[in-house]
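Presented below are the structures under discussion, each in the form of structure tokens.
One chain, chain A, links the two complexes that follow: it is found with chain B in the first and with chain C in the second.
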Partner chain A sequence: MNWILSFLIFSGNLASGADLKSVPEGTYRPLLAKGKTTPVAAFQIDETAVTNSDFQLFVKSHPEWRRGVVKALFADSKYLHHWRTGVEVGDKSLEKAPVVNVSWFAAKAYCESRQMRLPTVDEWEYLAQFGPESGKGDVKSIILEWYSAPTPEVLPNVRTTFSNRFGVWDVHGLIWEWNYDFNTAFVTGESRGDTALEKSMFCGSGAVGAADPSDYAAFMRFGFRSSLKGNFTVANLGFRCVKEIQK
Partner chain B sequence: MKKWMVVAWVALSLSAWATAGEFPGDSLYQIKSKWTDQDGKSVTLGDLSGHPVILSLVYLTCGYLCPTVISEVRALEKLLDPATQARVKIVLVSFDPDHDRPATMKRYQKKRALDPSRWIFLTGKNDAQVRELAATLDFKYQKTGKRDFSHSFLVLALDETGRTLARVDKANQPKDELVAALSVRR
Partner chain C sequence: MKQLIALWAVFLLLGTVTVSGGRCLASGEELVLTDAPEVPPPIKRSKAANLVVHLETKELRKRMADGVDYTFWTFGGSVPGKFIRIREGDSVEFHLQNHPSSKMPHNIDLHAVTGPGGGAAASFTAPGHSSVFSFKALNAGLYVYHCATAPVGMHIANGMYGLILVEPKEGLPKVDREYYVMQGDFYTKGKNGEPGLQPFSMEKALKEQPEYVVFNGSVGAMTGDKALKAKVGETVRLYVGNGGPNLISSFHVIGEIFDKVYIEGGTKSINENVQTTLIPAGGSAIVEFKVEVPGTAILVDHSIFRTFNKGSLGMLKVEGAEDKSVYSGKLSDEVYMPEGSTIQTVDNAPAPKQLLAKNKADQMTYGKRVYENACMACHQSSGTGIAGAFPPLAASDFLNADKSRAIQTVLAGRTGEIVVNGVKYNSVMPAQQLNDEDVANVLTYVYGSWGNSAKVVSSGDVKTERAKLKK
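This part shows the complex of A and B:
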């Protein structure tokens, strides 16, 4: 029990107010599964994306993840370039904004430092189907409105778009988010299965193979993920962490 | 300086370099996780330093593409001159750590008569460890069934410090670039 208590205190400190929300088990229909549903086990997830000030605490205690120190294998040259220094965000207005310009490796290390991990594509996509708790606006129109707007120069704070039925904020409308298994084989076209998958995603006639061909937003997410490399950093790509529920 | 001093100095600096793990920032050997080889020995990727390396990711119960990968790597091995052959390490990392355990890897190596002095099979503790390696290599894989994966094709040539010299991302491609990259490093 003690270790659970100390973990809760520890993660509470580090996440500075980002509570975990419970997401019960459920199913979702993956974009390319031709109508099949995939079960998703229950998990806990950060209420909001990790913020710049959360990440600042992390790099202070983990010098290997500071800008200028991090190895090129794990982060490209734009890593945290929006911070004033290697350890300071240096801009009050950014503190509660989601941290971006972080690589998959850095995001993974942050989550591991909290005994957590990045959400899988299945977990994230499962969560992605739920719109505002309030019932105002459906998820597809929120997404398309967001995609059609340019990324603002200064990202808004977390908790500024909508929270869904589980109390999880900003799943859509703020940033793109890293997934644990972003490097799955969907669209590379390089192995035996990929070519068929690629066809089913991008060729006109093949698009009928997708679970919901009108789900433009899901196509965008799958396309975006497949274009990423682990050390890439992007100005509107951040993350949040997941805790598995021990059975 | 006396000859023995030079030898001692070289040996000392080599060992210091190896133990300090001061590999280039973009070296694959920045990955510090522990792997298990076909003899059950615990190793890090940095243990390969000092050798040119051919590296690929496979899973051994694979029905179709993996034998292709291994056949292609064997063909590449045969294209190398004897001096390079003697120095090169050929490393196959499993992305199915649940099933590819040391005994399985050893059996596979024997069955396909792969020279144990240069062929090294590695398996990890869990998927997270393999995912990390795959993410550094832009290698994509996904479990599609109980023992089945969809995955990319990759054969990589690394220099003595773990930096990528050349790579081939498609099956049935010419190997000239890999051969040249590995051979100049004598």
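This part shows the complex of A and C:
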């Protein structure tokens, strides 16, 4: 009952009307931990990725996160460069598209402004195993199709790919998403040498240490995350926020 | 104070030396890179230099074969990646730039680099970012470079490889033509020839069963108008690489013998008079040959089904005067009778009688057998042909337009340029030694398959055309 209340309060707070969806506790098998499954506690998560118009509201009320104002330490020079000005998206067709070109610091600040946080890698990967609710198409082919097409000039809107069994939209097929701890399970970039680190969590090798070496979609996500730094912004990297469920 | 001035003088002197001996790293010369099959010109410098290389990784949809597209991951916008040519001892400041539209982070492992990962860790770059590292080219040779980001196999399978030539200090002997050829195997979800944008198949890659094996990134990249060119008497040098990810190439040029092979791309060990040279995945070879006679030399992977069924075929067109003392062409065609000149019979039993088709269904069945024996090797099992070499029979406007021309083509063969479905072909089909029944059946089968006009050809039709040809 509590969470329903808080959910109402939060959706009321947001002009965009983004809903939170509940994800029950469960387990998933991390790519880099052979044979082990990791428990994930129940959480609530944004139904869709944060949109340009959502983020516009945020920068209006948080001037320190405006383009041109934000410190270089917290966002690189491409931060929000697809907006017309520092406070205006300036293009109707972008309003419902997921916000991209945002740094980890900015995403984190946005979530905190809503008393939320970025999802952890565990939470996100747990969610990532579920395909379309309707049973149309499997996760693997959706991911592959997305990977095999370059990023379009104008991103599609949120709610245009699929929703999973929890009613969460666009987990795959739209953008990459920031994770709270994106830099913990990292590969060094020299992916064949990572086994020498002798820690299963720090091993991105294609052969040793991975739970399933053919799960190349997961490899790509881990590879992508490890290429980032907190102030990086990328043209197809956005985010959504989660809320922990109070026990 | 005097000491300080002396120091200053030394500094100035050093500065002058640096400037005259070669520019400093920050202002090094920007190196010009080329796309296959072109190679940058030979290096004329006698001293090491400081160079700057900018290479952009880009993911883009391009043609794999006619009607078949693939999202290639590239170094510089095409497969193979840009050719880099430097000299032993050069220092290179390498900028790897990952295009903002990329989905993936990328990096580069240059086999020419001495150091951890060949630069892989130092060049790991997120989309929309760029990395810089520098290296000194210690060893001469022809080296492969490739992306080494997880999953490595997939990055290579999508086309992320190219060649870097480190010329030895003394240079390479002068030749008339230089070309860049690189083989790669591709794993598409759909079978060879299945049209549309084909996604990558991890399953086939793991099984090492490619649908395409090609030179320079696509079927027909070096055939027809895009064939390599040379003139009689010239010496041709090919820088040949193999990106893999899985297959080893048995590189061969039909109609030529390699006068020299720089084995495995090294510069010290040269073999002479070689027919076929092995090029490992992630390896290279430099081959040289003088072209003595005009004609078309065919570049192949002599693991020959790859060539005739999966695409590893390129052409080198040689123009110039014929030299009959080297190659005569066909001098005569005579009947060959191994047992002497009289006709001998071993026994009098009649040859088994051919089953005659009673209806169109029979014709289709018998025709399919003839097709598989006589036609499939070139025109392929589903009539797609091979781009640049053998025209398609499937939904072929040339075929459907004229039945008697089709019959005559089977009976007498066809030479010279034709246009099929808007694409030019210029090759030779030999006359087929088939009887009237077989010709009728195979053409009925071809007309009745793959979206053709379903014409029926009778043995009578064939007889008529055969009579016309005799006139």
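Structure notes:
Just so it is clear, the second predicted complex is superposed on the first by the 214 of 247 C-alpha atoms of A that agree within 3 Å, B and C clash if a C-alpha of one lies under 4 Å from a C-alpha of the other, contacts with A are read in each partner's own complex, and residues count from 1 in each chain.
Methods note: a contact is a pair of C-beta atoms (placed from the backbone, for glycine too) under 8 Å apart; a residue touches a chain by one contact, two chains touch by 3 or more.
Note that this is a predicted model, so its numbers are computed, not measured.
In the superposed model, more residues of chain A are touched by C than by the other of chain B and chain C. Look at A:181: by the touch rule set out above, it reaches chain B but stays clear of chain C. Looking at the shared chain after the overlay, A:231 reaches chain B, while chain C stays out of its contact range.
Once chain A of one complex is fitted onto chain A of the other, the partner contacts of A:57 are absent, as it touches neither chain B nor chain C. Of the two partner chains placed around the shared chain by superposition, chain C is the only one that A:151 touches, whereas chain B remains out of contact.
When the shared chain is aligned, chain B comes close enough to touch A:105, but chain C does not. Shared-chain residue A:222: touches chain C; no touch with chain B. Look at A:78: by the touch rule set out above, it reaches chain C but stays clear of chain B.
In the superposition on chain A, the residues of chain A contacting both chain B and chain C are 188, 190-193, 226. Per the touch definition, chain C reaches chain A in the complex via residues 58-61, 71, 100-105, 107, 109, 116-117, 120-129, 148-154, 197, 199-200, 202-203, 206.
For chain A in complex with chain C, the touching residues are 78, 141, 144-151, 176, 187-193, 204-206, 214, 216, 219-220, 222-224, 226-228, 232-237.
Listing the residues of chain B that touch chain A in their complex gives 24-28, 30-31, 64-65, 128, 131-132, 134-136, 138-142, 144, 149-153, 169-170. Chain A makes touch with chain B in their complex at residues 71-74, 104-105, 108, 117, 180-186, 188, 190-194, 197, 226, 229-231.
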